[in-house]
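Labels run A, B, C, D, E and F following the written order; every chain starts at residue 1.
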Amino acid sequence: MTDHPLKPETKARLEAVSVATLATALYKRGLRNQAIQDVRPLAQKGRNMVGPAFTLRYMPAREDRNQLAEFRNPDHPQRKAVETCPQGHVLVMDSRKSAYAASAGDILITRLMVRGAAGVVTDGGFRDAMNIAKLDMPAYHNRPSSPTNLTINEAIDINVPIGCGDAPVFPGDIVVGDDDSVIVIPAHLAEEIAEEAVEMTAYEDFALEQVQAGASIIGLYPATREENLTKFAEWRKTNNR
Amino acid sequence: MTDHPLKPETKARLEAVSVATLATALYKRGLRNQAIQDVRPLAQKGRNMVGPAFTLRYMPAREDRNQLAEFRNPDHPQRKAVETCPQGHVLVMDSRKSAYAASAGDILITRLMVRGAAGVVTDGGFRDAMNIAKLDMPAYHNRPSSPTNLTINEAIDINVPIGCGDAPVFPGDIVVGDDDSVIVIPAHLAEEIAEEAVEMTAYEDFALEQVQAGASIIGLYPATREENLTKFAEWRKTNNR
Amino acid sequence: MTDHPLKPETKARLEAVSVATLATALYKRGLRNQAIQDVRPLAQKGRNMVGPAFTLRYMPAREDRNQLAEFRNPDHPQRKAVETCPQGHVLVMDSRKSAYAASAGDILITRLMVRGAAGVVTDGGFRDAMNIAKLDMPAYHNRPSSPTNLTINEAIDINVPIGCGDAPVFPGDIVVGDDDSVIVIPAHLAEEIAEEAVEMTAYEDFALEQVQAGASIIGLYPATREENLTKFAEWRKTNNR
Amino acid sequence: MTDHPLKPETKARLEAVSVATLATALYKRGLRNQAIQDVRPLAQKGRNMVGPAFTLRYMPAREDRNQLAEFRNPDHPQRKAVETCPQGHVLVMDSRKSAYAASAGDILITRLMVRGAAGVVTDGGFRDAMNIAKLDMPAYHNRPSSPTNLTINEAIDINVPIGCGDAPVFPGDIVVGDDDSVIVIPAHLAEEIAEEAVEMTAYEDFALEQVQAGASIIGLYPATREENLTKFAEWRKTNNR
Amino acid sequence: MTDHPLKPETKARLEAVSVATLATALYKRGLRNQAIQDVRPLAQKGRNMVGPAFTLRYMPAREDRNQLAEFRNPDHPQRKAVETCPQGHVLVMDSRKSAYAASAGDILITRLMVRGAAGVVTDGGFRDAMNIAKLDMPAYHNRPSSPTNLTINEAIDINVPIGCGDAPVFPGDIVVGDDDSVIVIPAHLAEEIAEEAVEMTAYEDFALEQVQAGASIIGLYPATREENLTKFAEWRKTNNR
Amino acid sequence: MTDHPLKPETKARLEAVSVATLATALYKRGLRNQAIQDVRPLAQKGRNMVGPAFTLRYMPAREDRNQLAEFRNPDHPQRKAVETCPQGHVLVMDSRKSAYAASAGDILITRLMVRGAAGVVTDGGFRDAMNIAKLDMPAYHNRPSSPTNLTINEAIDINVPIGCGDAPVFPGDIVVGDDDSVIVIPAHLAEEIAEEAVEMTAYEDFALEQVQAGASIIGLYPATREENLTKFAEWRKTNNR
C-alpha cells in the first residue's frame, strides 16, 4: 500500500514530539491542512499515538441497505476493517464529519486493540465512549454518539484515500495523535519530518526553559539573536539532547 | 399525561443498560432519531438517569416581555416547571438548540433536585454549570452559558410535546441518560425496549469478554456462528444473567 | 487607553462573584451580548480571572505575508502583544471565531504569564493546550488546535476595539472568567457592576441555602415575599456578608 | 385571539412601507429581533404581504407517528391549519429552521390562497416551490425542499406562540413581507409603528431624492441640519405626502 | 455497472413528474434521504434532468499533489470523468459539501454537454456559473465558486458509490432534477417508482384543479372521500390521463 | 495608502476577464484564499466591478454605544466611509460574516454611487436590497437583511486591513467582481495578474470554441498537445486577440 513503511526509529521520534511541532514542520513544506480538524482524545493518555493509516470510508446510508441484519455479513466493510487493520496501524474513519450516529462501539474498538492496532480516529463519534476511553489504545473522535452507525452511514470502502476532519489521508500515511489533536504525515515525508521535529522540540524545550527563567521571546523564539544559539548549543550538551 | 407510567422493574432495567444499546433496540423498531443530539453530562455520574419526561418549551424572547421583573411572576413557566415537575421525572427543555444564553442556573436546578426530580436535560446550556455538575442529580446540556435565559428565550409552555436536540419528546416518554448521552423511549415501548435491552446487554457483555480473550468479532457480534450461542448460554448460567 | 483603571477593591469584588451573576447585572443595564460565546477554560482553576483587556486582532492570512520567517520580525504584532501586554491585564484575541489553526502556543503563553498577565482568551484555539492548561495563569479558548496561526491568521493590530466570541471588547474593559465562561464589563461600569454583583451573590448564596433546606423558589428567587427579605437580613448578620 | 385586530387603515399603511423601515421603528422601541431570519420570497411580487399571524408549530417527527397514512386524518394539524387560517391572515410555520424536508406543497398553499389568506411563511422550505412562486399570494421560505414534511417534522400545534427564523411570533401579531424579507410587529404596536413608518418613509423618499440629486448624507440622513427639515416640509407639500 | 439500465419509457415517465412526487413515492418505501440537499439549478430549464448516475469523488487536497500541473495528466480523474461519462448519464460529484472552491468550470461542463451527458450535479459550486447557466444541459450546485478545485479538492475516484448533499448515490442510480431540486432513485426501483409517480401526478393535478375551483383538501388530498375517487375517475377519462 | 495605484490599462484588462481566471492566476502564485466567500451580486450586471479597496470594519455592537442617535454624529465611521470613499474605489465591509442585520441601505449606497464609487461588497447583507439591485453600481452581499446595522454591528475603523468573507483585504488591493463572485488581488500583483489573465482568457475562449466544435479537453485544456498551441496561434491572428 505504501513504499514508505514506518521505521522503528522514526516511530520513536514521532512519539517524542507534539502534533503542534509536526504541524509547523509540515507547514514549512507547504502542507497546511494535515491536522484532522475538530477531533479530540476520548481520554488523555500522556503519550503519542503513532502508526500508518488504515482507512475506512463511510457514505450516506440508504435504509434498504442498512438494516441491522447487514452486520451478519462477515464481509461487512466496517467489521472487516476491524479484523484486517494491520498491527501497529491506526484505523482512520471518514464518517463525513457527522457525529449524528456512531462510527463504532466498544466491542469493535476492543477487538481492534486486541489485534494490535496503534489507535483509532473518526471525524464522527463513538458509542460506548465512556468504555473506549478506558482502553489502553488511544482513540479520537468529535463527541460521544450512541445511535448505531447504520442510522446515517454505510461502510463502503477499505483502505482507499479518504478525508477525515477535512485532512487528506492516504493509506500508509503516518498518523500522530497527542493529548490535544491528530495530524497526518505523508508517508514519504515521515522520516525527514520526524528528524526535524525532534530538532525543533529540543529548541522549543530550551526556549521554554529560558522563558520560564524570565527571557523575552524576542530574539529567542525564533532564534534571531546569535547568543541564543550559543546558549542552546551549551544546553544541548548539558541536557544530552 | 400518559397511559404508560414507568414501572419500577422497567426503571431498574433501564438503569442497567447503555443508551447505545437502547438506540439499537429502538432502531430495530424503525425509530432512528430518538437520541438527543449534541448534549453531554455536566459530570459523569457512573449511573443512569431514568425517568418520564416533563417538558418545558422556550420560544425566542421578545424584549418587552422578557425583563428581569418577569421572574417576579409566580406563574412564570420556567419557575412553575421547576416547582411542578413530578418526583422521579426528568425535566426536558426545548431551548431551540441554542446555548447563547442559559436554560437555567444552580438555584433552580438545586430546587428541582430537592423536589425529587430524576434529572434535567436542555439542548441549550446551563449557567453555574460548575455547581450543577456537583449536584447529586444528573444534568445534561450542550455547554456552559452564563447569560440569563431572558436574553434569547421565553418559557412559554409546560408539558407539551417538544423537540430537544432534534429528538421528539412527548410528556411521559421515558428519558435515559448515561455517561455518554441521552435517549427518549416512547412511553408505550418502554417496557419491551427495557426487556430487550437487558437481553442485548447480556450478550454484549459476553461478547466483550470473548473479544478481550482474543475472539474475532466475525460470527460473534452479531452471533451468526451457532457455537457462540451455545457458549453464551453457558456464560449466562455461570454468570447468573 | 481608558479613563477607568481597575481599582484593587473592584478587582477583589469581581474575584468573588460568578460570570452568571455579572451577566445578569449587565442585562439590567440593557447589555445582553457581553459574554464571550463558545469559549471554555483549558483547566478549571477554581478562581476567577480578572483584569483589563489588552487586545490583539487577527485578519485572514495572505500566504505571501505569512511565511514562518515573519516571526523573525521583532515587531510582529503577535509577539509584540505578548511582550507589551501590561501586568495584570488579560490578553484577548479576535481569532475570527476559527480554531482551524492556533491563536498561540505554550512558549508565548508562558512568557505572558511570566510577564504578569492576568490571563488570556481567544475565540480560536491554542496549540500545546495540554501544557497551557497546567500553567498557573487562566486561559480560555474554543478547542485545542495544533496548526501554526499563520495557516489562517495574520496578527494585524494591537489594542484596538475587537470582537471576541461575538462580544464587543474595548481595550481597558474588565474581563472576568470563571470555571464556566468569560464576560466583558465596559470599563466605566466595572465599579458599580462589581458592587451590585457582590450584593446579588450574597442573596443568591442565601437563596441557595434556603433551597437546599427545602424552600420553594416562588417568592424567594426573586424575593417577592417580604419574609424572605427579613430572613436574608438576619442571614447577612449571622454570616457577616 | 388578539385584542388588537388589524385595522384597514393600518394595513394600508403597512402596505406602503418597507420591512427595513419597520425594523428601525421597532428598534427604537427596543425590539431588535423581530425580523424572520434567512427567509426569502419565492418570487418578488412588487407589493407587501400584510396580515395577522396564524401559526403552525412543527416538532421533530417520530417515525411511527408520521407515516403517509397520517394525512388521512381530517384533523391533522397541518391540514387543519390550512383549512382554518382566517381570511387575510398570514400562516406562519415554525419548521425548526430546517429545510431538509418540506413545510408544505403547492396543493395546500393553493388551498390557503383560495381560502383568502394573505400569505405564508416558513423557516423551512416549500416543495413544488416553482409552482408556489407563480401563485398570486406571497410565500416566503429558506429554499426549495422536495421531501414530504413527515420526513423530519410533525405538525403538533395550531395558533400557539412560536419561533420562526429566530423571531418570536404570537398569534395575531402583524406580519409584513416585502421583496427582501419578513418582519413581525407585536399586535398592540401595529398601529403606532405603521404611522411612524409612513412618516419615516416620507423622509426617506425625500432623502433619497436629495442624494440622487447630489446631496451629502451628513446632516440629511438623519436630519441634523435644520435646512433639510425645511426642505422636507416643502417637499411634503409639493408631493402631497 | 448496474443490472438496471434506464428504459426509454421510464425516462419519459420521470420527465413528466416532479421531484417532490418522487420523494413521496420513495418515502412510502422507507427511503427518506434520497434528495440531494442544498443544491439548486443554475438556471430553471422548465424540464426535468433524467439519467443514470456517473460519479466522481473528491477528497481533501494535499498541496504537493494538487499543483496546476496535475491537469496536464490525461488520466486526471476530473478530466477523465468528463471524457468518459456515458451518453445520457448525469455526472454527480461528491465535493464534500463545500463550495469554498469550484467543482468544475464552463469548459469542462460544455465538453460534458457536447459528449451527450444528461446533466451535472455537485454539492459544491461551479466556476463560470453564469456561462454554465446558459448551456442547454441542466446543472445543479450549491452556489457559484470561482477558485480552482485544486484549492481544496483532489479528484480521486470515478464511478464509485458516493455521498452528494448527504444522499447516497450509487453508479447507475437514476438521478432526476426539476426546477426545485434533485433526487436519487435506486436503480432497481426506478421503473416502479416512475409508474407510481405518474399515477400520483395524475391525482395531484386533479386535486390541484379541484382546489383551484374551491374544494377543501379534507377528503380530497389524500382521497379519503369516496366521491373524490369517482370524480377523479371521470377526470382521467376527460383528460386522457 | 498604497504604492500601487490602479492603472487605466490594468483596469481595462480586469474588466475583460472572469473572477475564475483571476483565481487561477493567483493560485499559481500560492494565493489560495483571495476569493470573498459566500457573497453574490444583488443583480447580474453583465460587466465587471473593478477598483481599489476602501475598507470599513464592523465590530460587535454594544447596546449603549449603538442607539439610533449615533447616526447624528457626522463622524460616524459608516457615514464617513460613504462620504470619503475615493472615486473609482470599491467599499469593502467586514460585517463579521453575519447577515443578521444590515451592513447598509439604499440611501447610503446611492450616495456612494453618486460619489463615483466603483462598487460595494459586504460579507453581511444589505437592507433595501431590492432597490440597491436596480442601481447602476454593482453591489455584492450574502443575502437581504432588513434590521439596522446597529442591531449587531458598530462601524469602528475606516481603511484598515480587514477580512471579508474570509479573504484578506488591504486598502488599495484591487477588487474584481463579476456575475458570479468577487476576488481580491494584492495591489503589487494587479498589473502582472491582469496581463496574465488576459492571456489565459484568450486561450480559454479558444478552448471553449474548440470544445463547442467537438474537441476533447485532453491535450487541449491545458494545452499539452503541440498542435493545439499551433491552432491557438492561428486563432489569435484570425480573432485579433
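Here is the rule we use: a contact is a pair of C-beta atoms (placed from the backbone, for glycine too) under 8 Å apart; a residue touches a chain by one contact, two chains touch by 3 or more.
This one's a predicted model, so the numbers in the text were calculated from it and none came from an experiment.
Asker: Strictly by the touch rule at the top, which chains does chain D share as contacts with chain E?
Answerer: Intersection of chain D and chain E contact lists gives F.
Asker: Along the graph of touching chains, what's the shortest path length in steps from chain B to chain E?
Answerer: 2
Asker: Return the chains shared as contacts by chain A and chain D, ordered by label.
Answerer: Expected: B, E.
Asker: For the two copies chain C and chain B, is the contact made of the same residues on each side, with over half of the numbers shared, or of different residues?
Answerer: Different, since most residue numbers here occur in only one copy.
Asker: Matching residue numbers in more than half of the contact pairs is the bar here; say which of B-C, C-F or A-E clears it relative to D-E.
Answerer: Same contacts by residue number as D-E, out of B-C, C-F or A-E: B-C.
Asker: Averaged over CA atoms, how far is the centre of chain A from the centre of chain B? Could you give it in whole Å?
Answerer: 32
Asker: Averaging over Cα atoms per chain, report the distance between chain B and chain D in Å.
Answerer: 37
Asker: Two or more other chains in contact with one residue: find those residues in chain A.
Answerer: 32
Asker: According to the definition of touch, which chains form touching pairs?
Answerer: The set of touching chain pairs is A-B, A-C, A-E, B-C, B-D, C-F, D-E, D-F, E-F.
Asker: Which positions of chain A touch chain B when the two form their complex?
Answerer: Within the complex, chain A contacts chain B at residues 68, 71-72, 74, 79, 82-83, 99-100, 102, 105-108, 110-111, 114, 127-130, 143-148, 150-151.
Asker: Can you list the residues on chain D that touch chain B in the complex?
Answerer: 29-34, 59-65, 96, 154, 156-157, 160-163, 166-168, 186
Asker: Residue numbers of chain A touching chain C in their complex, please.
Answerer: Within the complex, chain A touches chain C at residues 18-20, 22-24, 27-28, 32, 35, 37-38, 40, 44, 178-181, 183, 204, 207-208, 211-212, 214, 216-219, 221-222, 224.
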